[in-house]
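You will see chain A twice below: alongside chain B first, and alongside chain C after that.
Showing the complex of A and B:
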């Protein structure tokens, strides 16, 4: 069982690494693609994982920002994220982790209530972002926000820290 | 000609019904026209058989000729489509004076039947017909759903008798697509149609990465993804799934009430292997209190293409692989309407 720790590796020069954790493959892929389309001074890398713990045999860079993606249409997605949370070191939650809830736009399809996510985020003292990933405009805005957060977490923004 | 061959031919002739005698002998194509004309079909069968044997001796019938006669008998014995149609029509007309029955022969030994139902006193309603497709070389018939439910037993009876079977059983399989029903019932769904390129080498597929993915995106759980793909492929195969729109599961469970003195609520746990379902009711019980009848629960899955949707659940990350066997057994068991008693 490998617990994810924020500072167990040396940061790469001018690189920022984002780890997206969630069960919905299509969702993760979309997020990753939109993220990388953003122009950014630092070099961006995105890792996608279904759940934690991550396989231990891979040489992996330091994770700067950890985003848990929950699909509000799927209880399975929430359960998987809750289980993954056990494998994260507590210091991640000092600003290096956040929750992303997708699919809030289609109320009738939601089987997870928004309040559940908000309570979860509150318990872990991390921000939660709601996004409807089906609209291109929203996706782009969300990507921009996350890239900004990533840069701060990686220490690439002068005089701002996570 | 051998004694044994003569005896064999004689016995084969005795098995043929008189009404089909000429048809069989002509189809056999061994005795000449003139010889056939000498036969007297009004005599008793033993004497007819003797005459045929004498004619065969004239022509020195061999064992292979006798064997051919046997095959011809078998072939005609199986099915006579005109007889089926007339028998079917007669049965319906005898029961209901007013009924319109029409037939159309289609490919693959399929007979399409259209029935417009009336009663003893009313004319047949041409706007609410029932359609039946009967595959004569199989024991299967497909019927469209009829709003006039009272005629279904009669239809079943007519089909059974006309096709010379003993009984008819209704399968719990329904769909709007006849081809899909055929594929499931005749077990033809697991054939790979060469639509997509089946020669993609296995190595490419096991990597699990798209070629046009940005190299800055790294998939961490590639091994798990492959496992899910493999399990899905083992369960559903590579072929396109037959098209169904629904799967319905009816559950019965004897009520088991658990009450704890401290908590004011009575809760009934109806837990089956399929879906975790809990029913809770308030202090005064509601429908759960003092229940003697078993609880009934109906779960219905609907989709424009149900089996393809189920196949994509695990790869999309919406469910765990492997899926419940109640879902994956649909094509192999030929059912999509289930009644399950949970013990």
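Showing the complex of A and C:
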């Protein structure tokens, strides 16, 4: 299946899956590690992808939260995220997707203007989180926020839904 | 010449956000200008204290929900040199590498006291230099500081006059006939700084852009003196890749009779062992031809045109070398008009567009201090 759909698989018991779509492998690896350090009530799975569409022969679980990581220092990551957006089903954008703009701390290295990301997020009606992944404190905070969002999307939070 | 509402709308939105953050964070700058007191509540900002925010408010009223701003429009700086600027007088400003700083408004700076300031600054520099050296009393004693105004280096009549500071070495022996050599030159200017001028009170002189050429130690000493005397704050002005691409587009758009240099870009590739640099040079007439094919509205430059211009260059490069330039960082732009480096270094080559280049740099400086 080329297009990623939110409910095409059965949800696993007490598991939540996060899919990070972006280009920078080393960066994402770091983030995945910091995420796994966090305490999470349910079992947390993090999947990384450079871009969509995902190869269809791999057996993967249901994706609860889709995070598009855009590196503000490189226009290329913005272009590849924009291309990946075409392969996502529209119902993902009802709360199960968000944009993460990395590298916002170093203004002097930014090639992409903040407004471009904000316009993109506004078009897709999804939240955008700005962060600087190089700083440990910000990374941990961002991980906490994403875990929170993930738990809501996976339905593990009582009385709160995506 | 600059459009009021359309021009720099994206810029105003950013100012709004950064202004909001300023009220919420603890104020950590050593000197604070009265217009930004920490006790200023968020509500005051929303009541549109400055004209920039007034314009922002009107835009927000038009849009029912928050809609991110339309692509920035900016008029290319094709302004002619002001009549009272003598090209000979500003010739020494050209072809020199200047380091950029942004400067908050100066408190109680007066243009009539320039001789006084020269005297005080000479004494300060001499004292500072002698502090470091124990015994040696060399030619550093024989320095002279000269303050002067640079007439005509400004955008509108309301801009304050540019101020030039030079450290000259006095000739050693009275019999020597040689001219005083400029050891260090620095100048302050404000070109089209309307946004800032309207927000400060009478006691302040706004000269947000500071350019320095010479030894770093001299720059530091002079910076300290200014900070102590006029309660201002210097900070180095870095130019990010986004602004460099705007500069490249605007300077390529300038009509030139004669091209003295090729249009050159320098990209820095972030890779782990050591960073690689990609230098991409284009014949200036080809660059102009490309720009003309992209450019639509005369007299205005839009974000899409800049992006398209840079995308054309990157895709051409990709076709030949299979390297995505968009994944790298633009570090240096060099055209026949001027050349700029991301560390905040600029060299202006063409005197016709001096005011235009300074106007854009002033805007960046104002954005940084706000």
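Here are some notes:
In this text, the second predicted complex is superposed on the first by the 161 of 162 C-alpha atoms of A that agree within 3 Å, B and C clash if a C-alpha of one lies under 4 Å from a C-alpha of the other, contacts with A are read in each partner's own complex, and residues count from 1 in each chain.
Convention: a residue touches a chain if its C-beta (ideal position, glycine included) is under 8 Å from a C-beta of that chain, and two chains touch if they have at least 3 such contacts.
Since the model is a prediction, treat every value here as computed from it, not as a measurement.
Superimposing the complexes on chain A yields a three-chain arrangement in which chain B and chain C clash. Greater residue coverage of chain A by touch, when chain B is weighed against chain C, goes to B. In the superposition on chain A, A:119 makes contact with chain C only, while chain B stays out of contact range. In the superposition on chain A, A:55 makes contact with chain B only, not with chain C.
Once chain A of one complex is fitted onto chain A of the other, the partner contacts of A:107 are limited to chain C, with no touch recorded for chain B.
Contacts of A:74 after superposition: both chain B and chain C are touched.
Using the contact criterion defined above for the overlaid structures, shared-chain residue A:157 touches neither chain B nor chain C, since it reaches no partner. Judged by the touch definition given at the top, the superposed model places A:47 against chain B, while chain C stays out of reach. The single stretch of chain C with clashing C-alpha atoms against chain B, selected from 219-227, 255-263 or 345-353, is 255-263. Residues common to the contacts of chain A with chain B and with chain C across the two structures: 23, 74, 76-77.
By the touch criterion given at the top, residues 214, 216-221, 223-225, 315-320 of chain B touch chain A in their complex.
Considering their complex, residues 19, 22-26, 29, 32-33, 36, 43-51, 54-55, 58, 60, 74, 76-77 of chain A touch chain B.
By the touch rule above, chain A contacts chain C in their complex via residues 23, 73-77, 79, 107-115, 118-119, 122. Chain contact summary for the complex, chain C toward chain A: residues 10, 13-14, 66-69, 238-242, 245, 270, 303, 324, 326-330, 342.
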